[in-house]
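Here come two complexes built around chain A, the first alongside chain B, the second alongside chain C.
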Partner chain A sequence: MGYDTMNKKTNVKMDQVMIKKKKRNKKAVATIKAYLFLAPFLLLFATMVIYPIALGVKLSLYGQRGARMWYIGFQNFATILQDPKFWESLRIPLFLLLVQVPLMIFIATLIAFSYERLEKHGGSIFRFIYYLPYTIPGIVTGIIWSYIFSDGMSPFRPVLDLLGYSGTKILTRPHLPAILLVIILWAFTGYTAFVIYSALISIPKEFSEQAQLDGATFWQVAFKIKVPLLKGVFIPLFIFNAIGAIQVFNEPWMLKELVVLPSNYTPAMYIYNAAFAQGRFTYASAMGMILAVLTFLISFGVLRSAAKQMLTE
Partner chain B sequence: MRKRTLTTIVMVILALFFIFPFYWLVIGTTKNVSQLFQKSLLPGVPSHFLENIRGVFTYENGVYLKWLANSGLYAVVGAFAAIFFASMAGFAFRRYNFYGKKILFILILGFAMVPIYATTLPLFMLFRDLGLINSRLAVMLPSFVNVFGVYMMVSYWNQVSEEVFNAAQIDGANDLRIFFQIGLPNIIPGFITQFLLSFVSIWNNFFLPLVVLNSRAKMPLILGITTITDPQGFPVYNLTITSSFFAILPLLVLFIAMQKYFKPQIYTIH
Partner chain C sequence: MKRFLLVTLILILGISCFAADYYPKYSGKSTTITMWAWTSNENYSIEEFEKVYPNIKVKWENFDVHYEKAQTALSAGSGLPDVLMVEYSFAPQFMDLGAFQPINKWLDEKTFVELYGEAALGWCAADGQIYGTPQDSGALTMFYRKDLFDQYGLTVPKSMDEFIEQAKKFKQVAPSNLKYYAAPIGNVQWWIAQVWKAGGKLYDYHDGKWYIHFTNPVAKEVFATLGKCFDEGIFDLEMWWNADWFNSLNQGTTAVVENGAWFAEWLKYNAPESEGKWRVGIPPQWNPAKPTNAMLGGSGFYVTSHSKNPEAAALFVNWLNSHPTSLKCLHKYSNLPVMVSSRYEEVLDEVSGPDAFFGGQNIVESLWEAHHLVNTTFITLPISSNMDESLSLLIQQYVDGKIKRFADILPMWEKEVINTMKEFGYTNLVTGKLP
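Here is the complex of A and B:
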């Protein structure tokens, strides 16, 4: 090996080292710049999200009497799992999950197809009207509907009297699940239909054209061909509505102005009342953590797929 | 076509169901309490509309206007801060290949769905230690964080092509200029969409103000209207109805005026 080639080789090696170093320097500079752009968000994220969760975890491991607190390990969680009031609070979420969510997605699917069917015959007007309730805050929705169902003001009262039900009250505890069902369907069906419709119109025409040529009707094409293609939107809809179901608070909060409700009517109401009516902060924190873990588990699949999608782009 | 007629009829009936509460609310604003108790589906005769408006705006020395101003302040400042910070964060994820990028993104997304019913109680204790309970800051600070907004911003930034940035860099623009002058104009529609969604969600937020505020003068509208009672503490239905109407009016106007920016936001699975 001559001197020249050896020199060349070391030069190449030196170059490679230099390039690596340069690359590393470049990445170091990029890191500084990136974190400067991220700084405001990260600072607020750390103090307003991460820190409260950490504090919530810590509180949930403490016993409490008044201002005095002491470490008790997982005892709060053991107590919660044996607390009948906690299990009772899950009734409404479970009812919503099993009845309201599937029913709403089913109705919303029918509506989405109707939008498509009426595309040039007023579909956009229906879309607009059906979406409107979604822009109304849950508290106002709760006020309006609780008044509409109240025995003092309900326009349904005269109708019921006429039908011979003058003794039956509308707004009672046993009727509440049905009333919540109406309220939540009113508030979210239009939005859900719009989400499904948005996915629907992005399905390429070729998928349905052949079937239509073969003589299939509109609704046959809809259910046999298009519904299976909408899986990517049904799954997140189920997941987000499940999360909404376990966190329901505002609507029952307003209904309790007109009908007596227990402090543990929903998990969120139980957390609020345990903390601020009964002063059991650490116990309420532990319930909050259970709610957070449940939410995380339910949403895990969607979040993972969202992360993958972003990181590969 | 007969089949389309059937669909139309069903859709019209459903439309009546969706409109009915709005109609009931609007006619409710024309009634006093005894008219409300008549349960009619027609507007009140004589109309008490102006009287109800006067009642709402003079209630407790005009506290309603304070609530309105508070809601405006919380929603405008909160939404702008949240989405501006989110667009900066999104830019960082788009533009730079930096240490900890993947882990940070997963961490942020992992906390995207944390329920407010889990964080608000510890936040209450944090604000209590900082002496911020019953301050406007306690309502605003948590609203500056919009994790979902960051996720959406990353997806908007990802649609801006690499050449746009590279061309600017060759021209010698520094990173701040690239962000403000070259980057931001490209994502303005997304920025507006996120701003509006954030605005509405802060305007509608009930739980956080309920927990951290006790003085009525600092309450947002949505919380304020639930505290309307007569001096003896009994509900005043006509005032609650009229104030509800004026609490949702800005939202309806905003929605109708900016309709094309209200796009459904949902993660989809591929």
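Here is the complex of A and C:
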């Protein structure tokens, strides 16, 4: 081995090291660049999401009277576990979770199939019209529906009068869950149908064509072949709507102008009222924490059972 | 001539001394104070105030009803303005949370009583500490539809007996969609005012203790008498303050509404089509020989504990709510029909006159009379919003048919209120009697 070759080898090694270093530098630069691009988001995320959550956790560990706050550990949580008002507030979310969410996904699926059927006969117009309610803010929806169900100005009033129900009140406390159901279905079904429809058109045509050749009808194909394939979209839809149900606020908040509702009609209303009407901020943040945990557990449960089902299939 | 001059001089000096007593000089450095208030056009009074006290500038901010904002600032420990507008019924709640600071140093009790009357101490002070001054009066007033009264041959009732008699008559002759008298489902202050009007009370504060006794004889009689009318369908119950309700006032489906004096302005703006049809009167009396009245709403201006310059704030709230120049502005621009201050008397002739909306009636005079019948007072429990909630829910249950007799609501409500006071950590409770 001559000196030259040795020299060459070390040179090569040196080069390789250099290249590696350069590569690493490049990588570092790329990482820094990426973070620079992310910086505006990260900054907002840290100050507007992480910090409030951390502060909420901290507040939930304090007792409060006016401006005076003192550390009490988990006492707020212990009180909430025994606060019947908090647990009663979960009745409406539970009703929505068990009735409204499945019903809406079912109706939305039917509508999505109708979209598919009407593809060549103005389906896009229906999609547009059904999507519209979703674009209206919840508070506005609440105001409009409270007019529709009000006793003096309801457009149903003349009809009810004609049918001999002139004395009956439309908007009463016992009717409220049904009214909430109507409002929420009206606002969100079109959007849900749209999401299901997008998943529907991505199902390869071969699946349904084969069945149709074997003599299956449209609805048979729909329910026997396509619905099982839509599971991937049903699960996130269920989770999102479950979260919406647990946090329901706008609609009952507007309706309480027309019918007396307790401050704890829904968990979100109870939290809001505890904080802002009664000034019990720390108690309210502890309730918020518990609600977040409940939401997480429900989402987690749905995901896990879905994953199990998929594995067994 | 000399004597005349001397007398004039003494008079002028006397008057200025007298005035100086009410409105002391500002001793501090030039400053700017802030105020939160939802009444419209407070700026006219502020401009006049700044002419008299050139070293104090007032920055007025209007956030509509700002209790939630104030609660947040209070809990945060900073952020309250120097001067906060609060309804009398909510003031104890804020007092209790330490939102205000006493201003006795600049407005002693004697002057306060001279300017605002003894009763107002129940709305602006506790334990001898004065925290602010009262602005408008919420004297309970009867608003009635003259057109309906004429059409169905009714007379203006003076006593509760006449009132109920007229209601029965109206229900017989008028179509079923018309109501004689509709009480609110909820609106706790309205129901307290009903008991207050009868000369009674439900609770009070005395010597560091909260007294709660809803089931006292006066309150029981009020709930029993009104309750019988609801049970028999002579009086009605409905949700107030929503579009439906304003619509019904506009259309004239209710003949009588009892509400605070300030409601005169609400009617004008929310039921404009009913112009000329309403009149105001003294609410029907339980004992016409000894007339009394109650307050329903009305707001005071309080100096907050966050204020860095309580002297300037105190001078301001006193001038704002008692100086004739300011009272005139408040009446003219802020549309407040009647102010609490006794000095309102001085400008009464100037501000009163026929009111077209009320068919040319001189309503300021009637409302001022209604205000002067308020001759008892007491301090509201510091849980106004909770009291409202528990009563609203009970009345809604009655409307939904779950409670059969209206009068049964009173003891149930009392129980709920006592429980809430306990839940909120008040151990200084005395139940079953009043001081």
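Observations on the model:
We take it that the second predicted complex is superposed on the first by the 264 of 313 C-alpha atoms of A that agree within 3 Å, B and C clash if a C-alpha of one lies under 4 Å from a C-alpha of the other, contacts with A are read in each partner's own complex, and residues count from 1 in each chain.
Here, a residue touches a chain if its C-beta (ideal position, glycine included) is under 8 Å from a C-beta of that chain, and two chains touch if they have at least 3 such contacts.
What you see is a predicted model; the values in this text were computed from it and never measured.
Shared-chain residue A:27: touches chain B; no touch with chain C. Legend: residue contacts after superposition of the two complexes on their common chain; A:153 is shown touching both chain B and chain C.
In the superposition on chain A, A:278 makes contact with chain C only, while chain B stays out of contact range. With both structures placed on the common chain, the touch criterion links A:172 to chain C but leaves chain B unconnected.
Looking at the shared chain after the overlay, A:62 reaches neither chain B nor chain C.
In the superposition on chain A, contact of A:310 is made with chain B only, not with chain C.
Set side by side, chain B and chain C differ in how many residues of chain A they touch, and the one touching more is B.
Of the two partner chains placed around the shared chain by superposition, chain C is the only one that A:262 touches, whereas chain B remains out of contact.
When the two complexes are superposed on chain A, the residues of chain A that touch both chain B and chain C are 147, 152-153, 257, 275-276, 281. Here chain C touches chain A in the complex through residues 67-68, 71-72, 74-77, 96-99, 177, 185-186, 239, 241-244, 247-248, 385-386, 389, 392-393, 395-396, 399-400, 425, going by the rule given at the top.
The part of chain B that touches chain A in the complex is made up of residues 3-4, 7-8, 10-11, 14-15, 17-19, 21-22, 24-25, 28, 36-37, 39-41, 85-86, 88-89, 91-93, 95-102, 104-106, 108-115, 117-126, 141-142, 144-145, 147, 150-151, 154-155, 158, 175, 179, 200, 203-204, 206-207, 211, 222-223, 225-226, 235, 237, 240-241, 244, 247-248, 251-252, 255, 259, 262-264, 266-270. Per the touch definition, chain A reaches chain C in the complex via residues 64-68, 146-147, 150-153, 166, 172-174, 257-260, 262-263, 273, 275-279, 281. Within the complex, the chain A residues that touch chain B are 27-28, 30-31, 33-35, 37-38, 40-42, 44-45, 47-53, 55-56, 59, 111, 114, 117-118, 121-122, 126, 128-130, 132-133, 135-141, 143-145, 147-148, 152-155, 157-158, 186, 190-191, 194-195, 198-199, 218, 231-233, 235-237, 240, 243, 247, 249-250, 253-254, 257, 267-268, 271-272, 275-276, 281, 284-285, 288-289, 291-292, 295-296, 299, 301-303, 305-307, 309-311, 313.
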